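The same chain A turns up in both complexes below, where it pairs with chain B and then with chain C.
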Partner chain A sequence: MSVETRRNFGTVRVPAGLNGLLPALILIMLFFVVPVLALLLRSVTEPEPGLQNYAALLGDGTYARVFFNTFLVAALVTIVTVLVAFPVAWMLAIMPSGLASIIFGIIILSMWTNLLTRTYAWMVLLQRTGVINRTLMTIGVIDQPLPLINNLTGVTIGMVYIMLPFMILPLVGTLRAIDPMTLRAASLCGASPFQAFRRILLPLSLPGVAAGGLMVFVMSLGYFVTPALLGGTSNMMLAEMIAQMVQSLLNWGLGSAAAFILLVVTMALYALQLRLAGARRMSGGI
Partner chain B sequence: MKLIITGILAGFIATTVLATTAAKAEDMVFTSWGGTTQEAQTKSWAEPFTAASGIKVMQDGPTDYGKLKAMVDSGSVNWDVVDVEMDFAIKAAKDGLLEPIDFKTVPKADLDPRFTTDHAVGSFYYSFVLAWNKGAVSGEPAGWADMFDLTKFPGKRTFYKWSAPGVIEIALLADGVPADKLYPLDLDRAFKKLDTIKSDIVWWGGGAESQQLIASGEATFGQLWNGRVFALDKDGADVGISWNQNLTAADVLVVPKGAKNKDTAMKFLAAASSPAGQAKFAEASGYAPINTKAKAEMPADAVKSLPDAHVDGQINLDMNYWAANRDTIAARWYAWQAK
Partner chain C sequence: MTHPFLSIRNLRKAFGAIVAVHDVTLDIPRGEFLTFLGPSGSGKSTTLYAIAGFQDPSSGDVLLEEKSLLAVPSHKRNIGMVFQRYTLFPHLTVAENVAFPLRVRRRSDAEVKKKVADMLALVRLESFAGRLPGALSGGQQQRVALARALAYDPPILLMDEPLSALDKKLREEIQGEIRRIHRETGVTILYVTHDQEEALHLSDRIALFKDGRIEQTGTGEDLYLRPATDFVAGFIGNSNFLAAEHLDTINGTATIRMTDGSVISGVRPNGTFGKGQKTRLMIRPEAFSMERSPASAELNVEIVDIAFYGERRRIVARIAAGQEVDIRPTSAAMQSQGVSPCSRQVFFDPATAFLFPA
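Let's look at the complex of A and B:
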């Protein structure tokens, strides 16, 4: 009982620490909250006061399609990223640490390389006259170049590549924390490797998958460069549409409204994730 | 003590501010689209201007209409002269984003009236031409109609991605609309025509991208700016060009409302639009001069590759029509693209 009280007391002391946080809070207010409020204000005042920008966005088939596209691409990218990242992360988790740190280095190095350069590299690889199509045609696998770019395939490949580190890193952390003995115990009890994976490894790694997945999903929602360069116009994403509204049409009211909707949806998803994580921690807490 | 420190500090700030403004009054900022075009502008206009006047010209870019509007709206304008598309300039002048040109400083007499307005002086004019990769196309495309002929010319074709004068007109011309009946644009007809090849279109968003698409054969042929084809040809790429029904449009130079160095900007405009400045730029870029006296100062073979040498069948895109209908066309254009 006394231990409980002391722990609670520790939590209550937080406000005292707020003093130290004040400069950071002011910074966030000035450079994040104020601009977001300005954005919101613009979305309901330009070109005239009212909700017409939101009505236009929600009532128009084109915008609805772009919204749908944005979520579709983000979801697809998240799923593929999880599928690719999981085996890599598992390998890294059980590998000797020397070798693992070299591979970590390679993964992190790719994050330091300029995003535009990496996207252009994919253009060179994926285009009709690109390395992949040329090779496949030379060895006779295909007669006609595969459409790998300017479509959903191109966007997915390019974005999965960019998102992989954000999925692998949290996942490795989670997987390393799993006691390998649990898997051995499972197999000793007669579980097949698949059963051990499905009933032991997968459930235990879910927090990492969820954390990485949410990060990838949210980052994908607002992505601009890669979809603009590797995608076609028919799978335009929201960020590109906002750029058009702001730069080309100079319709800032509409652009602000679109940006604000994206922000609200993103925040809602984040809140959902927090609640799910909180619930899991409570039910799983010993 | 505190007073003294405050005094010193205030004095220091005042001197710094004064020094910065003094330095700023001498310098100016020129903004354009980057790449080979801005390099040519720097060499042909900015460098000679600095040599003659001692005024430094700082280069910025790429041109961004959103940024321009933001600068004017906030009253903090960092750009003094900006290279913009002409239909945007007409619209921006109407929206009060531009300074009127001081034609006492900028001599107007020899400027091509097609590309001169109260708020803009021509930068250069160009043509959209049909260009193709000779290695990837069998036969020679003869005109815009061939870009819509999938049996005779299979493969990907490339068009300008953004809502701007050009593609709509090309579709209408290909569909048989006579050149003098283009305006007002029949958008329904144009989009219907474009629908017939939509899945075979690869869009280019910038000049370098258009060059890459054609040079690599990723797109076998397309609608390009003549200067970009000129540069490809100079670099030894195997490209063909058809000037048949080439479509002219122009870039113009504008001064954003509230530019810090307005007077210097006007002097720069005078130099850039002068016969010498225009001749030099045209020779370097393959784009046409907007000063009618410029051609006399250019070598004869450089004149041959200009849109000016291909006025037969040339069509002037209607910038005033576009300026008036920019937003409605754009809304339909992007909706159609996203479909």
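Let's look at the complex of A and C:
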């Protein structure tokens, strides 16, 4: 160590750097690490020491259903978001950059608009006597209002809308890096548009789909506002359950345990993504 | 009457108000190596893209064995193409890239395997089958692209400036490969380049493009020795254009008066000129010699500089009117003495000099 330092004397400035980093490290410890540890501590100490909170959460059918529902909604939202975002991202990737910047601006602007406002807007649109149902009934497509709110449909529509920018942005980056000439080459090689998409465009865009998909999935797992407003009681998500445990039941131990399980799952997924991305780089692809 | 193998008929392509290709008509026999040569923006790539099916022409037709290609989408045209940039599929290995056109055609595994091996042998990259394109040099990537384009035995191979991204040494090496592969496969090749040396080296015939039209079609020798226009003369090889006044044309040879008053007979007129019309005389730098011969005409010049370029010398000279003349006699024809500025006569055979309108 000291030999190493002496050999690089004059260039190694790690100690000085560490000193400079200290305030940031303290900040992170104080506001991020300590609360998580406190959370973990509460989950195994309240109301009494032991793992009974975890046992209750993982053993009880009602809680298990909430977990299952959380993953179902997150997965559904991720899939629909990918399906909607892909064509939009592809158009943004190939259109003239001036026009693309304008559309990017619109997408970003929607991200900056208050989340609650956007969710209430969906309530106005989706409810029984909402704009969508009334329009469809007026033009005679349906006789009865469609159940678009307070159920899985409502949650999915609302959340996909919120999540789209998080999928589109990384995907456009990946798609822009693909040389359009590659697709022309595939076409001349005899690939139909579908074959060119399946065998060339899709595999080449997978890193972007994976990055955006993971972000959307993880964000969806812990989402609160949209499911609470657009969802129904029968498909409660984890964040709502935690809110109920803490606010209504004042059961901090159980709430902490649920939050901690969510954190562990999220971190595991993130680690998996890093692993897969790393493997791709190792094999020399993209 | 035999019909042409590939026929381009009155092709025109306009992008809004900009006309990229005005009117191109060309017949290409089977097995020919034809090069579209021209400066950038001359319409040569646009013509190639119309054959590939990337851009629909505004009017005109492209016929392969008398059947129009225009209604056929590009993935059904069965045409091979090598692009300017490397367009290999980065996520597939070299072997998978070459196999791609066969896989989308649903050929059997055994056939794909054999064909891929044959193609990699053709471009001499057998040992690279398992590599990803990113691990290959530019030259190797273009050879894989060539193998991929030929894997399905297309009747026509299009090449769009395939060597422009490579350095000079690699370019020459791959030019040799392309000639060999053309010889061995007999495929009809349409090759686009702006590099006249590349065109002369590779092609059976050259179509020289200018402003969306073909200026002249012919062998490299035709274009070099018998340029149809001053543009061809200026684009192929090096040329001097000297101002001259046309005096008379008799039996296909013209007599002219140079700016210093000297009269030269026996030059070849390109077009018909009236008496006293202003013209330009084109003389190749290597057509000059330093010794008088019976048929030669002479030109009075002042030598400005002499440089040794191996087999030839390069002389910068100036005529009385002040215009510089590029003269390249063989090194053996002239001793290196007399480097200092001096006035003297240089000679050329008038039959190798062409008269063009001013």
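Definition applied: the second predicted complex is superposed on the first by the 262 of 286 C-alpha atoms of A that agree within 3 Å, B and C clash if a C-alpha of one lies under 4 Å from a C-alpha of the other, contacts with A are read in each partner's own complex, and residues count from 1 in each chain.
The working rule: contacts are C-beta pairs under 8 Å (C-beta built on N, C-alpha and C of every residue); 3 or more make two chains touch, one makes a residue touch a chain.
Keep in mind that this is a model prediction, so the values were computed, not measured.
A.B. asks: Which term applies to chain B and chain C once both are placed on chain A by superposition, clash or fit?
C.D. replies: fit
A.B. asks: Can A:19 be said to touch chain B (first), chain C (second), both, or neither?
C.D. replies: neither
A.B. asks: What is the angle, as a multiple of 10 degrees, that the CA centres of chain B and chain C span when seen from the CA centre of chain A?
C.D. replies: 150
A.B. asks: Report for A:250: first if it touches chain B alone, second if chain C alone, otherwise both or neither.
C.D. replies: After superposition on chain A, A:250 lies in contact with chain B alone.
A.B. asks: Is A:191 touching the first partner chain B, the second partner chain C, both, or neither of them?
C.D. replies: second
A.B. asks: With the two complexes superposed on chain A, say which partner A:179 touches: chain B (first), chain C (second), both, or neither.
C.D. replies: Touch partner of A:179: chain C, not chain B.
A.B. asks: I'd like to know which partner A:200 touches here: chain B for first, chain C for second, both or neither.
C.D. replies: Touch partner of A:200: chain C, not chain B.
A.B. asks: Which partner does A:66 reach: the first (chain B), the second (chain C), both, or neither?
C.D. replies: After superposing on A, A:66 lies in contact with chain B but is clear of chain C.
A.B. asks: In the overlaid three-chain picture, which partner chain does A:129 touch, first (chain B) or second (chain C), both, or neither?
C.D. replies: First partner only.
A.B. asks: So if I take every C-alpha atom in chain B and every one in chain C after superposing, what is the smallest distance between them in Å?
C.D. replies: Scanning every C-alpha pair, the shortest chain B to chain C distance is 46 Å.
A.B. asks: Touching chain C in the complex: which residues of chain A?
C.D. replies: 179, 181-182, 184-193, 195-196, 199-200, 203-204, 284-286
A.B. asks: Please name which positions on chain B make contact with chain A in the complex.
C.D. replies: Per the touch definition, chain B meets chain A at residues 64-67, 69, 156, 161-163, 202-203, 205, 216-218, 327, 330-331, 334-335, 337-339.
A.B. asks: Could you please specify the touching residues of chain A with respect to chain B in the complex?
C.D. replies: 60-62, 65-66, 69, 127-129, 150, 228, 232-234, 236, 241, 244, 246-252
A.B. asks: Under the touch definition given earlier, write down the residues of chain C that touch chain A in their complex.
C.D. replies: Spelled out, the residues of chain C in touch with chain A are 52-54, 73-81, 83, 85, 87-91, 100-101, 103-105, 132, 134-135, 145, 148-149, 152.
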